[in-house]
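Shared chain: chain A. Partners: chain B in the first complex, chain C in the second.
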Partner chain A sequence: MTARKVFRNPLAVAALVILLVIVLASVFAPLVAPHSPTALRLDRINAGPGSGYLLGGDGAGRDIFSRLLYAGRNTLTGAVIALSVALVLGVVSGLLSGYYGGLLDGVLGWGANLLMALPTMIVLLALFQALGSSIYLAMVAFGVMLSPGFHRLVRSQVMAVKHELYVDAARVSGLSDPRIIGRHVLLVVRAPIVIQAAVVAGIAIVVQSGLEFLGLGDPGTPTWGGMLQDAFTNIYTSRIAIWWPGMTIALTVASLVLLGNAIRDVIQRTERVRKPPKPPELVPATPDTDELPLLRITNLTVGYPSNDGYREVVHGVDLDVRHGEVMGLVGESGSGKTQTAFSVLGLLSPGGTLLGQSSIAFDGTELARLPESERRALRGRRIGYIPQEPMSNLDPCFRVGEQLVEPLRAVSGLSKQAAVTEALHLLERVGIPEPRRTFAAYPHEISGGMAQRVLIAGAVSGKPDLLIADEPTTALDVTVQADVLDLLRGLQTEFGMAMLLVTHNFGVVADICDRVAVMQDGRIVEVNDVRPLFASPKHPYTQTLLGSTLEDSAPRTRLEVNHA
Partner chain B sequence: MLGFIGRRLVACLVLVVVIAGITFLLAFSATSNVARNLLGESATPDQLAAKNAELGLDKPLLAQLGTWAGHAVRGDLGISWFTNEPVAQAIANRLPVTLSMVVLAVSLTALISVGLGVAAAVRGGWLDRVIQVLSVAGFALPNFWVALVLVVFFSVTLGVLPATGYVRLSESPGSWAAALVLPVASLVIGSTASAAQQVRGAVIDVLRQDFVRTLRARGISPRSVLFRHALRNAAIPALTVLSLQFIALLGGAVVIEKVFAIPGLGTLTVNAALQGDVPVLMGVVVTLVVLVVIVNLVIDVVSGWVNPKVRVE
Partner chain C sequence: MLEAHNVVVEYAGRGWRSKGFKALHDVSFDIKPHETLGLVGESGSGKTTIGRAILGLVPVGSGSIRFDGRELVGMSRRERRRLSDDIQVVFQDPYSSLNPSMTVEDILVEPLVARRTADRRQASVRVRTLLDQVGLPHDAVHRLPREFSGGQRQRIAIARALALQPKLIVCDEPVSALDLSTQARVLDLFISIQEETGVAYLFISHDLAVVRHISHRVAVLYRGDIVEYGDVLDVTERPEHPYTKRLLMAAPLPDPDRQAVRRQERRDLLASEAIA
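Let's look at the complex of A and B:
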């Protein structure tokens, strides 16, 4: 299946054809070549193309074209040798390292690091005579030096699949380790290995040619590198001769890389959308009432570019958030609730576009068509954001304090000293026991609960009117969740903020929300105050969601038949 | 931070010792013909034995290693079998030439690839596509061939830059620079193409991270998000790329020196390799491994300074 997709890429097909031609022409050189690679004609020394020889003659009067074909055999053989050694060593050691781990992994990893620190060209030169002055033996040594690439690749992939359920299942069902590695693990790492192999073969060809160019190797056998050396010696007599071996090497290596890239693109599904289609002009529907709530979302439609236009992930959402209220936005993952929240912030992932009549009226301003610079002026000042995953939402390179001070200064224009004081005050307010210590700590030095408090402090630091919280407690320990919800409630009342709380957890909704909107498949299916929604959910999806919440839920009532 | 540097230092020392040991055992394992090569075909067995004794090749391999290592730690890397020049002296004379080439090439690579990589990551569009194509080309075109093409064009055809020769900086700065333009250019073209691609990837990876969205949500300017936060985070993969490029360029310089007849470490190594001058080869390998290890150490320390999390791991 992968192969068929790869062949849909014209560049990959061209690369494959070129490779095939070069390999076949080299293998069948005795049949294809018009002349013997060693036949000399004194009258054709450094002759130009067409003068009896297709591509001209070299410095000794031999046919360049025939020599290219014969040279291909030697150079490609060398590359195959280096690749095979690197493959066998790297894959086997990577499998062992990844599968068994522990001391073995430590030793093998150390060996791989050692090989990677070697300046390979110099070491190959140094060992050339000790290795018997044979270019093939040198390529064996080079294969050893190239093996860490495979080792690391295979090791990391094996580590990743080792704890997959199907591997556990295979182990429990009594399959031996070699069988599991062969059947389940190798299958996963197959494609990355092919990609790496293409790269390694390319490197091997280039390095081998380099060695031959330097004069190491058997002067009696034609090689691409040796031909370049000959062309270089005669560079003042024949300028064109350097092109043939050079272009052959470049074509071969480029084809290998392009083929590898094409396979990678298919596997990673990074097949790029040719060009994002121009979105149809956005015509926000004017919200109809004179008295707008703090936030009125009408007909919000969010799409991402795909090969045939835009793929919609939110289909016309209407939602109000009133001054000072906590609005819950509930739904399963993939229901579009986070996309809705990011639309309000203007921070959709790259490609995300508002479509159709999408309108986001915030305090009377239409955000959907506001220029980015003006939207940015709202963020942090009037709209705050609390993310889901505390640890990944702090910049690992900066101290916690700096990450609070920088926005404070950007948003409120405070002096550095005032911003530091304010940041310390905020840290204290969000319940961090030793504000000064946390202020000076790096993100990796504090706990997840602390990090989430830091992020909350950051979100409210600009005293926003609207706080958007995306699953603010999901990533936290159960014991910390309640504390953080209390903190949010406290801050919300203290600052009189409105809050749009995205969650999949009805327990959180019951704890903190005034009203709640239920989302399914990019649409809002039900909006109501919290109590009536819990007491008598109207939409069957809400009923299902509530029914599936075991904790905090009332004893189940008989399911009403929906006659709608 | 000091503990971090200390741990790395010990690891580096072990690395140098192990590589030197293995290289020595391999390189000195095939020395049976050395005496004959030096004395010629007419040498009598007695003369050969005497030569072997003089070079210390009659002793067991491990004893030779012991003697060599004993001298090496004091900075004595032995004497060339063919020129009788002290190896340390020969390397000291040539290392600055190669280093000036490689350091210049790495610096240019860093400057250009960071500029191009960041621009491609942020701007996308045609620049991004150009860099993708260049990265394949830079990988596929051997740098010594690029050097040949540059020689044909700039020296043979146009005659504007010298094809061979090296002038010391102290003799004539202008000629020094002119002599280095083509060699450095042939090294930089390939390394920039691949490094720019990797810098681009690193920046794109960072810009997709959660904390970037959070920073933007705080109202921080795009300029600060990119230059203060994203670049600092992308610096670690980028530094790793540059350290690998440094190792690769040391190897590349060997072949490039041959093209431009530059009397650097590469020319020394190639001649020694063709003759089988093992003490010189051994000295070059050890010197370069030490150099690589030092560069890696510096990169580690800088990474630890840029991203404190690295220090813990």
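Let's look at the complex of A and C:
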């Protein structure tokens, strides 16, 4: 499937075709080449293209075209040798290092670092001195020098995969380590290996040609680098001859790199909608103006761009939140409850668009068509927000205090000193035992429950009229949840705020909400005051949900019968 | 069937000479055949560590875990692999517990082939039986995990655990990531499988209501210790340890009036604890 996507990229197809032609022509050189690579014709020394030889003759009167084909065999073989050695050494050591860790990882990592620290070219030159003129031997050595790249890549990938639960599950299933590495780990790391291999093959060709250009290697066998050297010596007699090996090397290496990039793009990028269609113009329905509640949502329709227009996730929701009431918005995942809440905040994910006659009237202002700058002015001042994941909503780089003081100053224009005093006061109000200590702490130094209290302090700091809480207790332990709910209830009464509480937990709804709206598949199926909703749910979906709560189900009893 | 005595698990600290973190101190419990032992606690209580210790995924510092008379602590990896016929697992996250690039059939066949209990052909027959058992259609076999919803993925994970017909399945928060209605259905699946096959569960959860629904006996964990341990009725109706009481009172009831009462009871309890 990945392959098919790669073929959709024209650059990748071109690169693949070029590579294929070069490889095939080299492999079948004896069949394709018009002349022997070593046949000399004195009348064609440094001859131009067309003069009996397709691309002309070299400094010794041999056919450049035929020599290019035969040289391809040697150069490509060299590259394959270097790549294979690097792959085998690097991938195996990387797998072992990443999977087992510990001492083995230390030793292998030390070896990889040592190899990386060696100056490659100098080592290879020294090897020629010691081992003679075999370019293949040199490429084996070069492969060893390239292996740390694979080692590091594979090791880091394996370390990431190792802690996936499916690897644990495989262990519990009784799979041996080699089998786990082979089946589960290798499968994940193969893509980056393929990409790296394409690039490394290119490097191997360049380095090998460089060595041959310097005159190392067997002068008897034709190679691209050797041809480059010959052409370079005769550059004043035949200027064009240097083009042919030069172009061949450049084309091969460029194709390899382009192909590698194309594969990477396919693997890393998920399919993207080319260009979001222009949304149809938004015509908010004018709500009845007589007695507007604090928040009146009418016909709210939220869509995300897809390949054919907009895919709707919320289909025409109507909802009122009155001054000072707690409105619960319940539903399962994918019901659109969070999308509804985020529409009010104006914080839909990129692409999220209000469609049709969507209207969000907040205290008489139509939010659906308000420019972003004015919506921003509302957030934090008149509409507060409490997120679901307290920890990911605090910046780990800044102290808790700074993250409270900064918005306070921005919103209320307080002096720094006044803002600090106010922040400490807020922290005390939300029940943090030692406000000064928490104020000076970094987010990772406080617990999840404390972090949520800090965020609540931030949300109420602007004394908003409406507080939007998106699953505010879902990430918390149940004992902490109870405390946070108590806190929210206290603040809500104290400030007389209205609250829109998004949750999936009916216990939370029963605890704190005045009214409840039940959502299913982007629609509100039932709205009612909290007591009648629990006592006599009307809609079958509400009945199903309430029937699924386990709090009142009979506990299982002790296993009486002795089955053994 | 499984007996754990004074199990201690300590995680090494970061860096040289730093002190380790004791996730479990001195935990003892047992699981009988065909029984569900619920393990309830909040984050950091060590409940997941107990499961991983039984599965051999974390090293046990001291103490003993005996399964069918065999000592699990200090067992070699080879012996441990043989034990996978008897002890299996269902993890919390149905997304990361299934290899995204393997088809459902590959996932289910893997344990069978690895333990050589079946050849490829027998295995694929067995896969059909397993899918029936967890209520998934047969045409699921050639599909990838991402084509399934959370609840269906968890069914696949349960089928994988059942593949080797184990005597004990460690269930680590298996329904916590699921929606309410799905959660109830998956729990009922667990119960019906137990009634059919007689497998025992160690059922780990932070949700007392879930544990109450499925367990015969319950152990309450708090900061690495079992603070209360007994029949489900005793623990959930007549808790003795103050922490268990707090835990029970904290869970909100899906009924506004009764929840108001419970809220008040919880406040009184906290107030009386503060005085004491």
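Keep in mind that, in the parts below, the second predicted complex is superposed on the first by the 287 of 564 C-alpha atoms of A that agree within 3 Å, B and C clash if a C-alpha of one lies under 4 Å from a C-alpha of the other, contacts with A are read in each partner's own complex, and residues count from 1 in each chain.
Basically, a contact is a pair of C-beta atoms (placed from the backbone, for glycine too) under 8 Å apart; a residue touches a chain by one contact, two chains touch by 3 or more.
Everything numeric in this text was worked out from a predicted model, so none of it was measured.
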Is A:Gln481 contacted by the first partner chain B, the second partner chain C, both or neither? second
First (chain B), second (chain C), both or neither: which does A:Ala169 touch? second
Report for A:Asn393: first if it touches chain B alone, second if chain C alone, otherwise both or neither. first
Once chain A of both complexes is superposed, is A:Asp511 in touch with chain B (first), chain C (second), both, or neither? second
May I ask you to decide whether A:Tyr385 touches chain B, chain C, both, or neither, giving the answer as first, second, both or neither? first
Output check: A:Pro119 vs chain B and chain C. Expected answer is one of first, second, both, neither. What do you get? first
For A:Gln357, using the defined touch cut-off, is the partner it touches chain B, chain C, both, or neither? Pick first, second, both or neither. neither
Of chain B and chain C, the chain that contacts the larger number of chain A residues: B
Overlap of chain C and chain B interfaces on chain A (superposed complexes): none
Can you list the residues on chain A that touch chain C in the complex? 164-166, 168-177, 179, 183-184, 187-188, 332-333, 448, 477-482, 485-486, 504-511, 530-531, 534, 544-553, 555-559, 563-564
Could you please specify the touching residues of chain B with respect to chain A in the complex? 15, 18-19, 23, 26-30, 136-137, 139-142, 144-145, 148-149, 151-152, 156-157, 209-211, 213-222, 224, 228-229, 232-233, 247, 250-252, 254-255, 258-259, 269-270, 272-274, 276, 278, 281-282, 284-285, 288-289, 292-293, 296, 306-309, 312
Would you pull the chain C residues touching chain A in the complex into a rising list? 32-36, 42-43, 55-57, 77, 81-85, 87-89, 91, 93, 96-99, 101-102, 110-111, 114-115, 150, 157, 160, 163-164, 179-184, 187, 191, 198, 206-210, 212-217, 231-233, 236, 246-247, 249-259, 263, 266
State the interface residues of chain A toward chain B in the complex, per the touch definition above. 113-114, 117-123, 125-132, 199, 202, 206, 209-210, 213-216, 228, 231-232, 235-236, 239, 242, 246, 249-251, 253-254, 257-258, 261, 342, 345, 347, 376-381, 383-385, 387, 389, 392-398, 403, 406-407, 410-411, 442, 444, 455, 458-459, 461-462
